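What follows is a pair of complexes built around chain A, which joins chain B in one and chain C in the other.
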Partner chain A sequence: MANIATQRIQREFSEVTKSDESQKNLISIELVNNSLSDLRGYISGPPDTPYEGGIFHLDIKIPETYPFNPPKVRFLTKIWHPNISSVTGAICLDILKDQWAAAMTIRTVLLSLQALLSGAEPDDPQDAVVAKQYKDSYEMFKLTAKHWTSVYAMTGFDKWRYPDFDYKIQRLMEIMKVDEDRARVALSSNNWDLEKATQSLLS
Partner chain B sequence: MASGANDDSKESESSFECNICLDTAKDAVVSLCGHLFCWPCLHQWLETKPTRQVCPVCKAAISRDKVIPLYGRNSSRQDPRDKLPPRPPGQRSEPEPSSSTSFPAFGLGDGGFHMSFGIGAFPFGFFASTFNFGEGRPAPSPNSQDYAEDQFLSKLFLWVAIVFIFWLLIA
Partner chain C sequence: MDSDDDFVASEDDSGNESNTGEDEDGLNVALIDSEPTGSSHVDGNDRMEIEEEFPYEILTTEQIVQHMIDCIKEVNTVVQLPPTITRILLNHFKWDKEKLYERYYDGDRKMLFSEAHIIDPSETTSQKEIKKYLHNGMENCVICCRDLPTSMLTSLACGHRFCRDCWVNYLTTKIMEEGMGNKISCAAHGCDILVDDQTVMTLITEPKVKLKYQHLITNSFVECNRLLRWCPKPECSHAVKVQYVDFQPIKCDCGTVFCFLCGENWHQPVKCDLLKKWRKKCDDDSETSNWIAANTKECPRCNVTIEKDGGCNHMVCKNQNCKTDFCWVCLGPWEPHGSSWYSCNRYDEDEAKAARDAQEKSRAALQRYLFYCNRYMNHMQSLKFENKLYASIKEKMEEMQQHNMSWIEVQFLKKAVDVLCQCRQTLMYTYVFAYYLLKTNQSIIFEDNQRDLESATEKLSEYLERDITQDNIVDIKQRVQDKYRYCESRRRVLLQHVQEGYDKDLWEYTVKLDKV
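Right after this comes the complex of A and B.
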């Protein structure tokens, strides 16, 4: 990797570690395979959002040309959000594309992603299905996002459960012989309508 | 990780860090919006985005011609221009001349020659045309290139005027 990129990542690493946000366990990063071009980021779900209480894992790839080009970031933790693909974890955020500036750092990227969780931009969606639900039936979106957070981003006993969703997922798995994740995506994409979700899996 | 004692000691002087490489700025330049960079770092950033040149910190408009190089007292040990890419030069503008003339200079460069034509009812208006030689403004020193040009222009316009008057008389 280019010298400037290596040197910057080293400095940024200590910057994140020493930051207030890191002390409060809001963000953190660590190396993958001891390579400075491959990082793992962690952000906590912001309070008063459906993501509260969750820890979201991010895959961060540092390009050769960093910091002149943005890092490639995607969610490893499955998440229900208009600007994040529920399938691939790809993120639609301007600063990770054409609005990147060389003075931005991994720390500011992680904080921007946290801000994205607090305020979605449904008019510039990455996941059209989620964005439509967000605009058409916001309450349903909130419940679904909270359900995804509890299933994929939480560990331990403080998981929030919504028996109706759990029941429908079980039913769809039995009817269609699909795994839990596929059943959850089908139901989430169809406003938890069991019949429509079944049809969507058939087509 | 690499956050050794070396990094900690540099933390105290962090106010002069380049905003791109996060190291102490080398061949430092500052943008009009006040942000400090190494010239090689900023140059690479401008090269990366040739169509959308913005300050990497605040996204204000920025360009090669609008950054100011900083010269510290001990920074001249090695000439930064020997390195590539060359740092843009500092700009030095001359102070305004403290001239007492009320005649605004227009055309004809900085010479001490002014000419104006008054156009009115012929033939009276024509006599309002005036020639002013060496008015108010500091004349260039003799023997200089400026002085020679000045003299040449004076003579040229004088002859043009004489020819013009002569033509008017015979027409």
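Right after this comes the complex of A and C.
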């Protein structure tokens, strides 16, 4: 890694660790395999959103040309959000693309992502299915997102459950002989309509 | 660059070095390397016949740069700004001087500068913010996080200071990786102030990057300027400069003849918009539609295209919303056929007829397209072969010269091939034109002209492919000359007629055109 990138990442590391947000456990980062080019980021779901209570893991890759090119960031934790792919975790956010500025840092990226969780941009979607649901039936979107958060981003016993969803997932798994994740995606993408979800898995 | 050493700013420097007029002609130093050479044309010689003279100039890369500098200088005598600021402003107005003057003097000056993403050099307020990082003559660069002597840091007029290394890295990334030239903004987040040429040329030392930057700036100058266009030939670096925009052929110094309006090969008589539609249609359709025509039928109810891949003639449309049952043979409903479809005698039944009518209509449209497309392609193909003809003609000419003919006497052959190529090219595009033409009296005349030219062209082509021997040479020469003169005149007549139609607005089209 280029000298300047190494220096920057070291500085940024301490910046995040010392920051207010980190003290409050809102964001944090750590190294993967002791390499400065491969980081793991964590952000907590913002309050009053379907993501509240969840901890979301991020894969952060620092390019050779950092900070003149943006870091490559994607969600490792599965998440139901219009601007984040429910399949790959790819993120659609301007500052990670053409709006990246060399003076931005990992900290600002993490904070921006947290802001993205609070305010989605359904008109500029990464995941078209989620975006459609967000616009057409917002309540359904909220429930689904909350369900995903509880399943994928929470640990412990205080998980929020929605028995109807759990039941439908079990049913679909039995009918179609698919694993839980696939059943969940199929149902989420079809507004939890069991019949339509079955159809979508058939075609 | 002789100003490299001057660049490292002294401690109390204001931070907008780039604007403090260290040389008024900074742009010249920056962007021009060599004296211009080149040629200018006044069109109308052997190229087209029907237009009046259309003056244009072919410019080399150096001349383009010179032209750009001249434009900037001219504007500068009026507005009196640093040249690099003027360039950004001009670029903002797509190199329309008048618009710049208008906005500069009549409008809101502040707004103008903010729209163009530059800081007004007459304003000095923004320079004060700079010193905030300053302590003990050391300053922190927020990109690389190093504490450096203040003199190592610099900024644009917006006052966001970064160290020189970071600037160089930043600019290099933008130029080399993202191909950005005149749209590079300050490295600070959310700051949209544009980086000026002076700053780039002073900071960047690597020749490769400099060259690319110059290239990008020149390119955007040509692309933005409505009176300029690059020669479309990939390896050619010339551009053409015209005095007014018009549908006209340009002959570049590299030999390419192209349309000034769209940059395609010169395509008279058809105009750019129709040609564009045609190209798109060809790209979308040709192969696919050939196959569709040969292998499919449309569902009589929902018109979805169906390929029959089994023997049974009882068809059930797979379209989920349609699912209609029908007979592949007569396209009528299946029900009355029962189990004895093979005695299908319902050909004239009303329903089947209606179905056929509808289908025939869409087939006919396709047939029509294929008719024109085939002829268009055919001429294009022939045109490619004529290159071979040039080679064989050259041989023939040498041979004839050994048979007591002078050089000048055999030149008619080359001329004949030239004419042949021109005619083929014109014919090719007449089919595009004809495809979109509605039938009127004028279009019938056009088709007659087209027929005449086509048959004459084919004859000429035939003559040229014949063996020329000692005995028939005089005879053939006479015939070839007669024929190519005839072709030339027929071609002129056809083009004139089309032009007349344009002038008098006689042509009616099968498609709606956006008025240009």
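Please note the rule applied: the second predicted complex is superposed on the first by the 203 of 203 C-alpha atoms of A that agree within 3 Å, B and C clash if a C-alpha of one lies under 4 Å from a C-alpha of the other, contacts with A are read in each partner's own complex, and residues count from 1 in each chain.
Basically, a contact is a pair of C-beta atoms (placed from the backbone, for glycine too) under 8 Å apart; a residue touches a chain by one contact, two chains touch by 3 or more.
Predicted model only: the values in this text are computed from it and were never measured.
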| item | value |
| --- | --- |
| Chain A as common anchor, with chain B and chain C clashing or fitting | clash |
| More chain A residues in contact - chain B or chain C | B |
| First (chain B), second (chain C), both or neither touched by A:Thr17 | first |
| Chain B versus chain C as contact partner of A:Ile4, first or second or both or neither | both |
| Which of chain B and chain C A:Asp127 touches, first, second, both or neither | neither |
| Which superposed partner A:Phe68 touches (first chain B, second chain C, both, neither) | both |
| Single chain C stretch clashing with chain B - from 57-65, 75-83 or 147-155 | 147-155 |
| Overlap of the chain B and chain C footprints on chain A, listed as residue numbers | 4, 7-8, 11-12, 65, 67-69, 101-104 |
| Complex interface listing, chain C residues touching chain A | 142-146, 160, 162, 165-166, 169-170, 172-174, 177, 187-191 |
| Of all residues in chain B, those that touch chain A in their complex | 1-3, 7, 19-23, 35, 41, 44-45, 48, 52, 54-57, 59 |
| Touching residues (chain side chain A, partner chain C) in the complex | 4, 7-8, 11-12, 65, 67-69, 95, 101-104, 108 |
| List of chain A residues in touch with chain B within their complex | 4, 7-8, 10-14, 17, 31, 65, 67-69, 98, 101-104 |
